[in-house]
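Two complexes come next, and they have one chain in common, chain A, joined by chain B in the first and chain C in the second.
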Partner chain A sequence: MTSGLGPAIGVAAAYLAVLSAPVVAPYDPTAQHREHPLAPPTGIHVVDREGRVHLRPFVLANGADGAARAYPVRFFTRASGDVEAPSSVRLFAVDPPAAIFLFGTDTLGRDQFSRLLYGGRISLGAGLLAAACALTIGVLCGCVAGFFGGWVDTAIMGASDIFMALPWLYLLLAIRAALPLTVDPGRALLAIVLVIGIAGWARPARLVRGVASSVRSRDFVAAATAAGASPARVLRSHVAPEAFSVALTQASILIPQYTLAEITLSFFGIGIGEPTPSWGTMIGAMLRQELSVAHWWLAAPAAALVGVSLLYHATADALHRRALTMGVTR
Partner chain B sequence: MRRWALAFAFAVTAVAAGSAAGIRAVVVQSPGTADPMIVDGDVGRSGGALVIAARTEPKTFNPIVALDAPSRDVIWRMHADLIHINRETQRTEPALARSWTVSGDGLHYVLHLRRGVRFSDGHPFDADDVVFSFAAYLDERVHSPQRDLLLIDGRPIAVRKIDSETIGVDLPAPYAGAERLFDSVAMLPRHRLEAVWKAGALGDAWGISTPADDLVGLGPFRLERFRPGEEIALARNPDYWKQDRAHNRLPYLTRLTFAVVPSEEAQVIRLRAGELDVLNRVSSQHATTLDRDQANGPYELRDLGPGLEYHFLFFNQNDPAPAAVRAKQVWFADERFRRAISLAIDRASLVGLAYRGRATPIWGHVTPGNRLWANSAIAHPPPSRPAALALLRDAGFKQNSAGTLTDAHGNAVSFSILVAAGNAALTDMAAIIQEDLRRLGVSVQIAALDFNAVLARVLESHDYEACLLRLVDGDVDPNPEMNVWLSSGPTHLWRPAQTTPATAWEAEIDRLMRQQMTTLDAGARKRLYDRVQTIVAEKLPLVPLVSPNIIVAAKRGLGNFRPAVLDHYTLWNAEQLFWRATEARR
Partner chain C sequence: MSARSAALRSLFIRHVVRAGAVLVVVSWLVFAATALAPGDAFGEARLERTLSPEAIAALRHAEGLDRPLLVRYAQWLRSAAHGDLGRSIAYRAPIAPLVAQRAVNSLLLVAAALIVTWTIVLPLGVWTAARDRSTDGRIVAAGATALIAVPDLLIAIVLVLVAARSGVLPTGGLRAAGGADAAGFAAIADRIRHSFLPVLALTLIAAPPLVRHVRASLLDALASPYVLAAAARGIPYRRRLWRSALRAAANPLVSLFGLSFAALFSASMMVEVVMSWPGLGPLLLDAVRTRDEQVILAGVVLATALLLVGNSCADLLLRSIDPRISA
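On to the complex of A and B.
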């Protein structure tokens, strides 16, 4: 895929899927179905024992009398039981005592599919937010440093060196330890994400600085300055647009990188806490070899992470080539 | 008159009580000669090697300063003590001391050493080595972690030589079960270490770079080679002082190797591949798989049931405490609140989900694995939300229309549970408790921190609300737990180092624990400690939850493999282990 459109659509689809979790996920991601720990993915059937084909898929479960019965999958139905919002509409559901676990359940009987979707909101959202922070600061500092040069450039780039040398994992560990214990998981994650983003401005700033420094010597910038344009206007109207393609490429690299950072923290048990899911906490469960071999469905978040990362990298690759082409053309 | 009854698996023992001089004597002798110790068990065949997994390599080979388990696991295969706690019976038995007597007041012990015992370099062992060893352990300059165990009421025990085969030990105060003090105090070679000790360098001696020939002990094995990051190979000590029933000198194995395999996953894989012979501890998660495949595998899995480890929840009752915590301590201090929390927690789910059924729910702090001391009369109330809510209502709490529990002032009940990050079972347990309490209307946040950060908050800054923790007892006897149960104890977890007991029941526990420590009658001691267990189960300063099972694995065909719930689970009788079919071994 050379245009990059395909991967970009794939990335967008991933975000759409996780954003629609309240509708698509059949269960509350924190609900513990304690009678179904480590349940394999539920089989969905369209052909019954007698060989009859049913237009409406169904799942099998033991009824109150202990005999296996077929329970039809209902679509666009009101949620019931232990779901997060009883009044909301779900894309699909089955009536109790049947259960539909598309990707099986974890050790506490929580629906992996629902957790994957809700966890994706945390993990992908964290990457997006952290990258937005890093790029905003990075582009701003890079433009200023490159455009003004001199001691401003030296000061900002010196600061970027310090930030790039920070052992960010230890820094995050210290921040997490310093946060009040009663802080809810969402706020703890937000604090960590902001720190990741703020600490990550240095690399994009260096790249943007190079672009800004080169733009500064161009004729059209000199013309704008001679015409009386203020430095702020020159930066906004002439330098920033030149840095845009660099920032875009950086975004497609940084977002999966920061997504991975959140996952790493959660993997080590210091990211978002229980019971809120994230792909990192879910992958953390695979630490146990027994789980990854015998309960292969627990690898779903790892597969999702690989897929999304590949899509992002393909997008970055396409954007990079596009930027090069534009540079050659210009 | 007190009568000691020591039951040894091997013994044809005499328990003699009373004498004209007021000395009540306990004489335990090995059958036949007094010199070699004859041990019970299958008569095996010599030869072969055994490879056991080790998570990390030892930090030292010095038994005086060794604190970490990997070091002690290796060291205790190379050393021996005077009186030993049999890991299987959980009772003391003779070791290098073939017998001992104790005075009527329990203050004076006379130990008779086994004759003809030699160190692994061939040098004879005698009373001078014993006096030297205790002097070294008690020397403050050496900083031995075991020194505190040899102090009674803050004063050291006195060890003196009576003759070359007899030792006198004087206690500064009565101490029940004092012979347990001698367990895990290694007898050291004076001829090798006295000069180092006098030079003030004993704590630094016998590091991991020490040549193998310089490490001398009285254990069944001696160091053969140490490859950092790879393995520690021990060779048979030809001068070992134990024999089997057929008077064959032990140990049977020619070599015992500790293979360094850092992760449990890799250990399991290597066991299944036949590269490891023994795993000293298998987690419940891996046990499920190993159990399922063991019919086709070269190994056998042993689930020994609950050990001495127990998990519990407790609340911060420190005064002073950080302001944010203080507001909630009114709840935590209310015994009805703690009992309601205990009633709301479904221990069966903790066992079934967090431990896959390989744990035991507990309601008291002494686990069923402690056969000598567990109080079987402690009630096991089943989980009950209505009963929990009734208790909370009685304490002034109520549920609002949204189902949220509020206190008498209308504050929503919410607290955080501190848990060590990285422990899958503990994290699962915390999530289950969180869900159970949510059903009660209580909001719980789980705060997973590094283990050292957890300890610092609990014992130093007191900046936490509730904590999920585990304790592992090293011995079945209650005395080593004094620091936990005395209100003045530094590890009296919910409120350490009190100057005076904060509550009447803590004062009663103080009195009972001190009384049991000096009560020499075993039955009376048991009754006193039973009462302590009852108080803890009723007042719930710690809410006991589960005791994980001790699960071990070993290659098939290992003779005398009798794992126990006291550490070291699998190698406690390493000298007796043998391969039933020699051709199966390398």
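On to the complex of A and C.
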């Protein structure tokens, strides 16, 4: 915990899992298994009724004759009945009529595990891109404001004052209002990333500005300027490295916050729309399902969100402590 | 004294001018953004397909949507200054009373949450700071840290689910059906029952980071040289904690109070939607969904104004109680 390496590895693993969704997910996230609505997680067995142990895990399903049969789980295989991507290799699959739903299915019989992975691509990806967007704008504006000072500083910080004075969720809605309501998922994702990025640039800008203006007054910057270095060069080789450490700590705080922002927007129904999965729409479905305690597996996206959030907080804490100790030793 | 109050008055005027400027800029940005966005309330999806383009153009003309942007903004600004915020296209009603009622509901919720939060945060922060060396204090501090990491949305959802399962508390709304007829004590009890869950959600969202901040600033103050000097002179621990440290820590706490107002105000929007509390949040969300531009504009401007007032109050309070900060 103290090194922060463990949580950081956990975060990386989450991104790796959602990135490899086409391989790890056994089903298409929008494929509806109408014969299995709200199915509980599929039991995976290694011991059969006679007490024999199988090396290959299997699932049980009723065959065409109505009798229960064992269907082996096949690894690194091609799921038969893969209409969308017939050439793709899946990490694991079973032959129909058996089905393998690790986290059960939703009301439409869609595989929760596959939707969790594909939804994670949207939600985690949106958080990452939005934070990158906000940090890019923030670091650029902050460096320029802190380094040049004067009226540029006043103007940029005045603008950031306005953005920080606004209630964050109201601001998000106001910017969202400027975008068309129904768009295809790709453009909706882009729109949400831009919305969150534009709404969130002010905080990193303010922090980076502080760093930049303190760097400006240091002797080595004065020396570089005296030696004829252009402002662009001083910004690049002296201010930017100092700003980077601030930006890194900010990133570990902003990414989970913006992931949650995307999830909240999608939960409100003004983010990524169905049938494309997002953790926000999945959590919304969980709340609408009256018997959600009976269908506990619908809470999988909420559990995943808490897990990722905890990992990010641990990482941010470690980064923050590292920045503090580095500041002391320097 | 008089010089100080004069300085405070000029500061107050500066705050008012600045808030006015922010409101004008924000209203212009939201106005321009919503107006320039593709589609409006008379988009094809919102109306009968059988309407002719001429009829739609007539409707747009009647609502004044076909005039130049700057003219419309100038008109909006002038009527807003007179308290007229325009008409809602979706509600077919003037916006000012609509938004005012919702804003009152939001403010009631935020005010209640603010009081409950600080009633819990202050003693708990002091307690965790005082018990810093012992296990129970550390457990509570760690619990607060863990709660920070739980996403706000999930806190609200879990509370709603628990309330729905247990059936003890209402999961949404302002009052029971027909509750408007109840009078006196019954009406108040009903209000409290309905606001219990949203206030609890807001407290659970806002309190943990505040406990951590209060604890940190108290620990800072306790470790400062003059508190050590007080200890050396034999002043008892309790007195050091409550008299010396807490007073020194009051300054960051007042700033925190202003920040907590902003955080609660923003979080309350989400809580209002999840728990169907008829505040500004659901109104604004519906306005975004129906492209009711005037309502979006009025809602965002009003929310900003309320937040600015809260922040200014905190700042003025800070400067009037702390002689070290020049006004």
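Here, the second predicted complex is superposed on the first by the 306 of 330 C-alpha atoms of A that agree within 3 Å, B and C clash if a C-alpha of one lies under 4 Å from a C-alpha of the other, contacts with A are read in each partner's own complex, and residues count from 1 in each chain.
To be clear about the criterion, contacts are C-beta pairs under 8 Å (C-beta built on N, C-alpha and C of every residue); 3 or more make two chains touch, one makes a residue touch a chain.
The shown structure was predicted, so the numbers you read here are calculated from the model rather than taken from an experiment.
Contact with chain C, but none with chain B, is seen for A:Ile263 once the two complexes are overlaid on the shared chain. Taking chain B and chain C in turn and counting the residues of chain A each one touches, the greater count comes from C.
By the touch criterion defined above, A:Leu173 reaches both chain B and chain C. In the superposition on chain A, A:Pro275 makes contact with chain B only, while chain C stays out of contact range. By the touch criterion stated above, A:Ala302 is placed in contact with chain C alone, chain B being left untouched.
In the superposed model, A:Asp161 lies in contact with chain C only, and not with chain B.
In the superposed model, A:Leu310 makes contact with chain C only, not with chain B.
Residue overlap on chain A between its contacts with chain B in one complex and with chain C in the other: 173, 176-177, 180-181, 268-270, 287, 290, 293.
Taken in their complex, chain B has these residues touching chain A: 265, 268-269, 283, 285-286, 288-289, 292, 324, 349, 352-354, 414-416, 418, 421-422, 424, 427-428, 430-432, 434-435, 445-450, 453, 463-465. Chain C makes touch with chain A in their complex at residues 22, 25-26, 30, 33-34, 36-39, 145-146, 148-154, 157, 160-161, 164-165, 262, 265-267, 269-270, 273-274, 280-281, 284-285, 287-289, 291, 293, 296, 299-300, 303-304, 307-308, 311. In the complex of the two chains, the chain A residues touching chain C come out as 161-162, 165-171, 173-181, 256, 260, 263-264, 267-270, 283, 286-287, 290, 292-293, 302, 305-306, 309-310, 312-313. Of all the residues in chain A, the ones that touch chain B in their complex are 30, 32, 34, 37, 107-109, 173, 176-177, 180-185, 268-270, 273-275, 285, 287-291, 293-294.
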